[in-house]
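Next come the structures, one after another.
In the two complexes below, subunit A is the common chain; its partner is subunit B in one and subunit C in the other.
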Partner chain A sequence: MVCAERDFTLTKRTLMSVASLHATAIRQLTPALLSSTATTDAPPVTVGERSKQRYYQTNPVERRFEEVGFPGLTPAEKKTYTHSRLILPVANRQVSLSNKTDREYWKQVTKEGLPCRRLKNNYSWGTDKHGRDVGTYRFEELKKRSLSQAKLTALTVLHRQFLLKREAARSKGAELPQEDIDQEKKRRQEMAALKRELYGEIPGPLGNDPEWDDVIPIPQEEPQDALARIAYTDDYAEAVSYLRAVMASEEYSPRCLRLTEHVIAMNPGHYTVWLYRFKIVSALKLSITDEIQWLNDVALNHLKNYQIWHHRQLLLDHHFANTLSSDAEAAKQFAKSETDFISKILAKDTKNYHVWSYRQYLITKLNYWSPFELATTQSMIEDDLRNNSAWSHRFFIVFSDPSHSTKGSAATEYDPKVPGAILDREIAYAEEKIKLAPQNQSSWLYLRGVLAKGGRGLDTVGDFASQFFSNLGAEDEEVTSSHALDLMSEVYHKQGEIEKAKLCLVELSEKWDPVREGYWKYRLSELK
Partner chain B sequence: MAASVEQQQQQQVGPAPPSTQQGASIPSLFMFPPMIRDALETDSSNIQDETVDEILPFLTGKEHSQLNAHGIPRLDKQRHVRFLKKQLGALPSMFVGADPSRPWIFYWCLNALSLLGEDLEPYRARLIETVRPMQNKTGGFGGGFGQSSHLATTYATILSLALVGGDEAFEAVDRRGMWKWLCQLKQQDGGFQMAVGGEEDVRGAYCAAVVISLLNLPLELSSDSPACAAGHTSLLSGLAEWVRLCQTYEGGVSATHGIEAHGAYAFCALGCLSIIDSPHRSIRRYMDVPRLISWLSSRQYAPEGGFSGRTNKLVDGCYSHWVGGCWPLIEAGLSGPEGPTAGPAGRPMEDTEADDSLFSRNGLIRYILCCCQDMSRRGGMRDKPSKYSDAYHTCYVLSGLSSAQNKWRLVASRADEALLGGDVWEVLPHTKGEQIFDEDDRIGTLHPVYAIPQHSVDAIRSYFSSKEGF
Partner chain C sequence: MSAPTLDKAKHVKFWQRCHKSFLPTAYTASDSTRLTFAFFIISALDILSVPLTAEDRAAVRTWVLSLQHPDGGFCGSPAHALAGENASKGSANIAATFFALILLGMAAETEEEQRSAFAGVDRKAVLLWLKKLQRSDGSFGQVLWEGEPTGGRDTRHSYLASSIRWMLRGSVERGDENWVEDIDVEKMTEYIRGLQTYDGGIAESSTEESHAGYAYCAISALSMLDRNSGTPANAKGAMDSGIADRAMLLKFLAHRQFKYLSNTEAIASEEGSTENYLEAKLGDLSLGGERAYTGFNGRWNKRADTCYTWWACSMFRLLDADYNYDAVPTGNYLLDITQHVIGGFGKAVGEPPDIYHSYLGLATVGLIGGYDLKEVDAGLCCSTDTVRKIDVAREGMLESLKKQSEQRSGWEAEDFWGKAANVVKVM
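Then we have the complex of A and B:
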C-alpha cells in the first residue's frame, strides 16, 4: 500500500461523522446481521461459514458494533473501529490528511495491527449447476470443484493455443495435422464434461466440433409464452440453430449435408431440412445413387413419412435431367431398381399413399409402362382384392399409358384412343375379381371406370351384375352385392324400366345399405 | 341367402333380442355388422372386422356410463376444452415431430375452442407474437422460426389470425411478401407447389385460394413467376382445370393427377372450386358430380356411422370434416342460391319434416359422440377408440359434428366471378328428422369454405377488402 503525504487536517469531528454515516447505513441496510452473529465462534463447517469468520477476523470490533451500535462501543473500540474503516479511504486519498496527521494515522494502524485488507461481508460464492449456493459447500466439496475449475482453465489455455495455431496455419493456406484436430476434439469433450459438471452448461456435439467453429448458430427466436412452445432437447435445439445459420448463408457443403442427416434423424418430418438437403445434393453434384441408397434406409425406418418421397421425386427429376433422359438403358435400370425398392416398402405398408404416388410419378417420368408393372400390381390385387390403392394403380397404368391413351383425358371421361382389346381384358379382369368377392367396392368401381373410359354403357355389364341378386321385392329377396343393385338401377333407368330402377334404390335404402338412405332417396328423386 | 333383414340379424347375434345398456333405443343398423359380407377374407376385410369389433361396444353403450334415450353420451365440452388448452401451452420434447407444423396446432386448437364456445381473446396477443418470427422476409409463414414458408403452415397461420381477429392480427401479415411468394409457387400447369421446390397437390390449390381470397391479394402474376412461361397471367388461371384433373375414375379426388381418391383432397378440391366461383357453377363445371356424390356417400359405413377416407379403408373421425364438410358445398352445388330464409329468426322449426340430407347426419353424430371422445382424464377427440386423441382429430371431429348438427345454405351467389369467395351463406340448426343429441351439445358453426366461423371470415375479408394493391 502506497501512502502519499498530503497536507490535510484530520479532526475528530471528521472521523466521527464518517463513522456514524457508516453505522447508520449498516443499520438500515443489514438489520438481519445484528441477530446472526452468535454462531460464528464454532469451527466453520461450510465455505460460507469460514468466509463469515474471516470477515470478522479482518473487521475488528465489527461484531461488537453489530451488537451494540456505535454509541455502545467503548472509546477504545470506537477508535479501532474508525481507524480500520479509514484505511482504504486514506490509502486511496479519498480522505485528505495533512502530512503530520497522515503519519500519525499510519502509526496508529501499525500499532494496533489493524488489517489493511478487509474482507467484504456476505461474499458470494455463486451457485452450482443445481442452483445450490457454493457457500453451503463443505471444504472437500469446494476442493473438488476448484480442481475441476483448474482443469477447465488449463484446457481452455490449450484450446486457445489450438485456435491460434490453426489460424496461423490457415493464413499460410495450410491445415493442422489430423492429430492436432483429434486432440482438440477430445479436449472439447473434456471441456464440455467439465462445463456440464461445474455450470450445467450443455454444449452440443456441433459446438464441440472444431469444424463448426466459424458458424455462429442462430438460436430459436420466440417469446417465453409462445403458443404450443416445444421444449427441444439440447441436441435438437443446437442442430436447428446451426441449420438456420448455414441456410441463411446459403452454404452447400459436405458438412451441411451431414447436418441435414443429423436433423432428419431427430425429426424426419422437418420439410425445410429436406428441401435444403436437395439443394446441397444438386449444388455439390453428389451421386444420386448414393443418395438413394441412404434414403432407402431412412424410408424403411420411417414408413409414414412423406417428405422422403418428395425428396426422392426431386432426385428423380434431377437424375433424369442430367443422365437418364439421354441414356435409355440407365433409365430402365433405374426404374427397375426403384420399383424393386418400392415393392419392398409396399410389402410392409400396402396402401401407403405417398409411395404409390411416387411410383406413378416414376413411371410417367421414365416412360416405364412395362408389362412387369402390370404384373406386380396384379399380384398385389390378388394378395388383397380390397387393396384399392393397387386397383387405382392398375387404372393408372392401363389408362395413362401414352401409347394407347389420350394425354390430359380426365379420369371419368371417354377416351377413344383406348383399344377395345384392352377394354375387354380389363372388364374381364374386374368381373373375375368381383365374382370372388361381390361386395368388394374396389372392383366394381374399377369396372365402372373402365366402362366410362371405353365409352361403353353400364348396360353392357347388366347381365353380369344381375347375377348378384334375385327375387327383388319378393319375400325371398336375395342380394350378395349392393353395388350390383346400384349399377342395375342405372341400367334399368337407361332402359326405361323406371319401376325396376326404383325398386333397386328402395331396397338399397331400406334393407341393404340403409346408412346411405339419404343418397339412395336423392337418386330416387332424380329418376324420371 | 334368402333371408329377411330381421332373420339375418338373428342369425348374426343369436336368438336373444339385442339389449342395450340403460334401455336406450339404438337403430339396429348401428348395432350389428353390415348385412352383406363376402366370405373371402383378406387383410383389408380382417382389419375392417377388427375395427367393427372394437367400435360396437362404444356404439351400443357398453363403454359408456351415461346415455340419453337414443343411446348417445353427452359431449364432454369441459374435458375437451381442457385438452385443447393444454395443447396450446408448453409441450414436452416428445412433440418435436410437431416442430415443422406448429401453426397447425394453433389453428386446430383455436378453431376447436371456438366451436366449443370458448373466448379466444386471451390468445390474441400471444398468437400474434408467436407467429411473427415464423413469417419469412420472402413472404409466407413457415412451421417455425427459420423454416421455409409452406402453404399448409401459411394457411393455418392466416386462419388462426382470422380466428383471434383484430387489426393487429391482420396487420401482422406481410401481404406484398405473400403475393410475391404465391407467384413463385404458381406452376406452369396451373397448380401450386406447397413450398418453393415442394410438392404440387390439391392442398396447394385450396390453401392458395383461401389465402388469396381472405387477404384480398392482387391476382396479377409477378413477372418472375414460373407460371408466366406457360402464358398464365393470373394466380388463379388454369387452377380449376388443374383441380378438375384430380378427380379419379372412382369419382373422388386425389392429391394430384392420376392417384387414388382420398377424402381430404375432395374437400380441398371443392373448397378451392367454391372460392374460384360459386359452387353451383364451378363444381358443376369442373367435377363429374354424380360420380363424386356417389363416392362421397360410399365413405359412410354402417355400423360405424363415421366416414372413411378411401375405398376399403377404415373409418376415422377426421373424415367427419374432410368428407362431412363436402356435403354443404355439394348441396349448394346442386341447389344453387336459394335466397334468404323467411322471417328475422330464420326458418321456422322443422321438426315434423323428414331429413332430406344426402348423408346420415345421425350416423355421423353417433360415431362422433360414442367413439371419438376420449373420456379419460386426457380428453380430446380421436380417430377411433384404439387411438390417442390429438389436436388434429379434436378440430376435425368437432368440425364434422358441427356440419352434421347445422345446415348451411347458399343464399346468394356473387355478382361477379371475380369477387372471390363473395357468396352469401347462411347457417341454421338442422332440425329435420329425429334429433338424437342433447340440444346443449349443439356446437358452433364454421363457414363451409373457410372452415372458421363466418364472423371471422367476414371480419378479415372486410378488413382487407378496402386494400387495393398493397
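Then we have the complex of A and C:
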C-alpha cells in the first residue's frame, strides 16, 4: 500500500487526478442520497479522517448499514444500498453491455443519482520515514510532503536527462562539460536531501557522485534476526556495498584505491580490503614509497592493528623483488627510513608486537644487520630495563646475524659459530643490567639464553648469582633476587648437591615467591 | 571478608543485550569478525545456562549457514559474503569457519538436532579448502587469496585448522569413500615444535618475543590433534612430539602470574604511568587479612589482562598441570578487579567491558569451576556440554555420509537393476 500511495502522489498531475476522483464521486451523488450523518460530521483534521468522511460520502447508507445492519434499514435505504451495489459490475466494466443497453443503463444511473464511483474503505496512506501513518497528517503537512515529492520527481526527470545526455556523449567518445557534471552533483545532493526527508533513504557520498554511476553497489543483506549486528553508520554501509561490487568485478583503478582508504579508515580490520588494496597498488604500478607514506599515518592512528603490518610486509616484498634486490644503496636507504619510522612508532608503544615482528622481517629481508640495531635495543632497555620486547629483539640481533651464527639454529640450541667475544660481551651486558634491577625477569632470561647459545653451563654464572642471596636456610636469610635462587637450584642440582638445590626451591615456595608455590613444589618433586 | 561472587544476573543481562540489540558503532572496526562475536554471545549465554528459544536457535543456524562459502569455509561476516552467482567472490576465513562449526553444534538441542547439526556444511569442500590453507612449512594462512594462503604464520591459524579438522574429519579411514585428503599433520607438528623461544615460551617464530596467546594456540593445536584420534594411550601423541622443551614451557607459563597489588595498580592505571606490572616487594608476606589476587600477563613484565587468565589457565589444563596456579586468588582477580558492575569483564582494572574480554573472563571462571556456570572445555573454549553435542554431530555427519554412499552403491548394484527389471517385466 505504501507503493500505491507513492504512485498516487508522485507527481502533481497524479495528485490532481486523485483529487478529481474524489470530487467527481461526490458530485455524482444527489443530496438525497448523502447519508445525513456524514454531512453533520465535524470538519476533518487529518488526511485519514477526510478519507473516512469521503468514503461515507461516496458510499451512501454505508454508515447506517454498519450501525444497524441490512434488516435495520428503511425500505428506501435498502433500495439505495442494493442499487448502488448492483450498478458496480457494469460501472467497473466487469460486465459488458451492448451499446444500446449501455446508454439505457447510464441514463438510469444518472437519473437516480446512483454513485458509480466510490472510494474504498480504509485507504492506506502508507507510513513516513518515522513509521508514522501519513493518514494522521494534517492537511498542511501533507501539502508540504506532496510538494517535496513533486520537487523530487522534477529533479528525477532532470537527472534522467543528464544520464541520457551523458550516454549519448559517451557513444561519440566525448564527455559532458564540467558545468553539467557540477550541476548534476548539486542536483543529487538536493535529491538526497529530499529522499532523506521523505523516505529516510540515505544515499551516501558515493551514490551522489556521478563518477560511481556505472557501479551497481551490492548492499550487505541480512535478516532481522542476524547475529552480532552492528549499528553501522550510513557512510560505512554505503562504502562497503560499493567495495563489494568493485571487488567482485575485479576493478583495479585509482577510484578503487580511494575507496579502500575510505573503508580502511572505518574498518582497518577488514581482512580482504588490504589484499585488494595491494593488488591495486601493484596493478597500477603505484609508487611504493607513496604507499608507505600513506600507511605511516594509518599505522599511527591504529596502533594495535595487525593488517597494517601485513600490508607493509607485502609492500616490502614487492619493492624488494622489483627494485631493492638489485640496488644495494636503495635498499639501505629504504631500511633506514623504515627503521626511523619504526622507532617513531615504538616511542609511542614500546612493546607493540606487530611492529617488532615487522622490524625482524625487514632486517632479515634487507640483510640490515647494522650496529644501529644493537644500539637501539640498548637505548630502549636503558629507558625501561623491563622492556622484554627490546631484550627479545636484542637476542635476535645477536644470535640470528648470519655473519656470526648458524642459519636455522634453534633458540635454545648451542651454536658453535657464535664468537666467544660476543658471548662475553652479552653476558657482561646482562649481568650489568641484573645488578641494576635484580628482580627483573627479562635480564635473567637473557642471561640464560646467552649461556645456552654459547654452550656454557649455568654454573659459569654461579658466583655471579650467589651474590643475590646470603645465609640460605638460616634465621638471617636474605634474598634480593628470586631468579638467582631459581638458577642456583639448577646449578646445585647439576653439581649433585641435591639438598642445597631443594633448599632454594623450598625457600622460593614458602618465602620469596609464594605466588608460584605449586610450580616450585612441582620442581621439588622432580629433583632426584 | 566474604569471598567475591559472580554477579550472574548482570552477566546474563549483558549478554542478552549483546544478543538482542545492535552493537555500538565502534564495533565497525571489528565488522569482519562478526561470526566470532556471534560465537562469544551465544556461547556466553550457553555457559550461563540461559536457554535459547527454538526461533533463536533456528536463527543461529540460518545465519551461520548463510555465511558458508561455496568453495569451502565460512565468511567472517555478511560484509564478506556474497549471494547468488557472485557467491564465490566472497572470502572465507579460518577463524570464522571454526566459530561457525561450534555455533552449529551449540544451536542444536534435541538428540536429532545434534546428530544433524553439521547438515548443510559442505564437509568435503571445507576440508579441501583447509588443506589449501596450509603452507609448505606446515603453517597455515587465514584466507585464500588468488589460491594462495595469506596472513601471518602464527599459531592461531594452526589451532583453528586442527580444531576444524577434528570437528569435520572424524575417524574416516583412507580408502573409505568419504575420505578427504588430509592436511600434513606431521609438518604442522614440526612447525609448532620450532616456535619455542630462548625463554621457553612460544612466539610467532622462534626469534620473536614469547607470548602466552601464541603459546596457547600452539599447545591447543597439538591437543586437538590428539583428541579422540584413536591412537593408543601409550603412543607418542602430537603433544609429546610438538613441544620441544616441556620444562621450559612450564616455567614460562608459571611466570605469567604474579601477585597483583590491587591498590597501587589501580592508581598506576589511572595515571597511565607504566607498561609493566608493579612488582610486589620481594618476600613480602604481610597479606594482613587482605584478599589475595593473582594477575596474569601474556609477556614477561607486562601488566595483568583478563584474557591472559584464560590463555594461561586453560593451557595448564591442556598440559595437565593445574597445580601451577591457585584458583582462588585468580578468581578473586577476575571477580573483584575486572568484573564490571553492568556485567561482563573489562581488559584490566577500570576498563569498561567489551565482548572479547567479557567472554574470556567468563570462560575462565567456568574453567576454574565453583561459580554455578557450565563446565568449560580448555581446548575449544566453550562449554563441555557443547563439545559433547559436537561429538554427536561428528558421529551423525559420518553416519549420514555412510548412508548416502550406501544408497548410491545400492542404486548402482546389479541386484537393484535386476529387481527393477523384473518389476518392469511383470508390468
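Side notes on the structure shown:
We adopt the following convention: the second predicted complex is superposed on the first by the 390 of 528 C-alpha atoms of A that agree within 3 Å, B and C clash if a C-alpha of one lies under 4 Å from a C-alpha of the other, contacts with A are read in each partner's own complex, and residues count from 1 in each chain.
In this text, a contact is a pair of C-beta atoms (placed from the backbone, for glycine too) under 8 Å apart; a residue touches a chain by one contact, two chains touch by 3 or more.
Just so we're clear, the structure is a prediction, and the values are computed from it rather than from any experiment.
Subunit B and subunit C, once both complexes are superposed via subunit A, clash. Residue contacts after overlaying the shared chain place A:Asp476 against subunit B, while subunit C stays out of touching range. Contacts of A:Ser148 after superposition on the shared chain: neither subunit B nor subunit C is touched. Within the superposed three-chain model, A:Ala231 lies in touch with subunit B and with subunit C [touch as defined at top]. In the superposition on chain A, A:Trp356 makes contact with both subunit B and subunit C.
In the superposition on chain A, A:Ala452 contacts both subunit B and subunit C. Of the two partner chains placed by the overlay, subunit B and subunit C both lie in contact with A:Ala411. In the superposition on chain A, contact of A:Thr323 is made with neither subunit B nor subunit C.
When both complexes are aligned on chain A by C-alpha atoms, subunit A residues 218, 220-223, 225-233, 236, 240, 244, 247-248, 266-267, 269-272, 275, 310, 350-351, 353, 356-357, 360, 384, 386-389, 392-393, 395-396, 399-400, 410-412, 439-442, 445-446, 448-449, 452-453, 479-482, 511-512, 514-519, 521-522 touch subunit B in the first and subunit C in the second.
On the side of subunit A, the complex with subunit B involves touching residues 218, 220-223, 225-233, 236, 240, 243-244, 247-248, 266-267, 269-272, 275-276, 278-279, 310, 313-314, 350-351, 353, 356-357, 360, 364, 383-389, 392-393, 395-396, 399-400, 408, 410-413, 436-442, 445-446, 448-449, 452-453, 471, 475-482, 486, 511-519, 521-522.
The part of subunit C that touches subunit A in the complex is made up of residues 18-19, 22-25, 27-35, 37-38, 41-42, 55-56, 59-60, 62-63, 66, 76-80, 82-83, 86, 89, 91, 93, 142-143, 145, 150-152, 194, 196-200, 204-211, 244-245, 247-248, 250-251, 254-255, 257-259, 275-276, 279, 282-283, 285, 294, 299-302, 321, 323-326, 329. On the subunit B side of its complex with subunit A, the touching residues are 1-2, 4-5, 29, 35-38, 40, 42-45, 87-93, 95-102, 105-106, 109, 123, 126-127, 129-130, 133, 142-148, 150, 195-199, 244-245, 247-251, 254-256, 258-262, 288, 291, 293-295, 297-298, 300-302, 305, 310-313, 355-360, 363. Listing the residues of subunit A that touch subunit C in their complex gives 218, 220-223, 225-233, 236, 240, 244, 247-248, 266-272, 275, 306, 310, 350-351, 353, 356-357, 360, 384, 386-389, 392-393, 395-396, 399-400, 410-412, 439-442, 445-446, 448-449, 452-453, 479-482, 511-512, 514-519, 521-522, 526.
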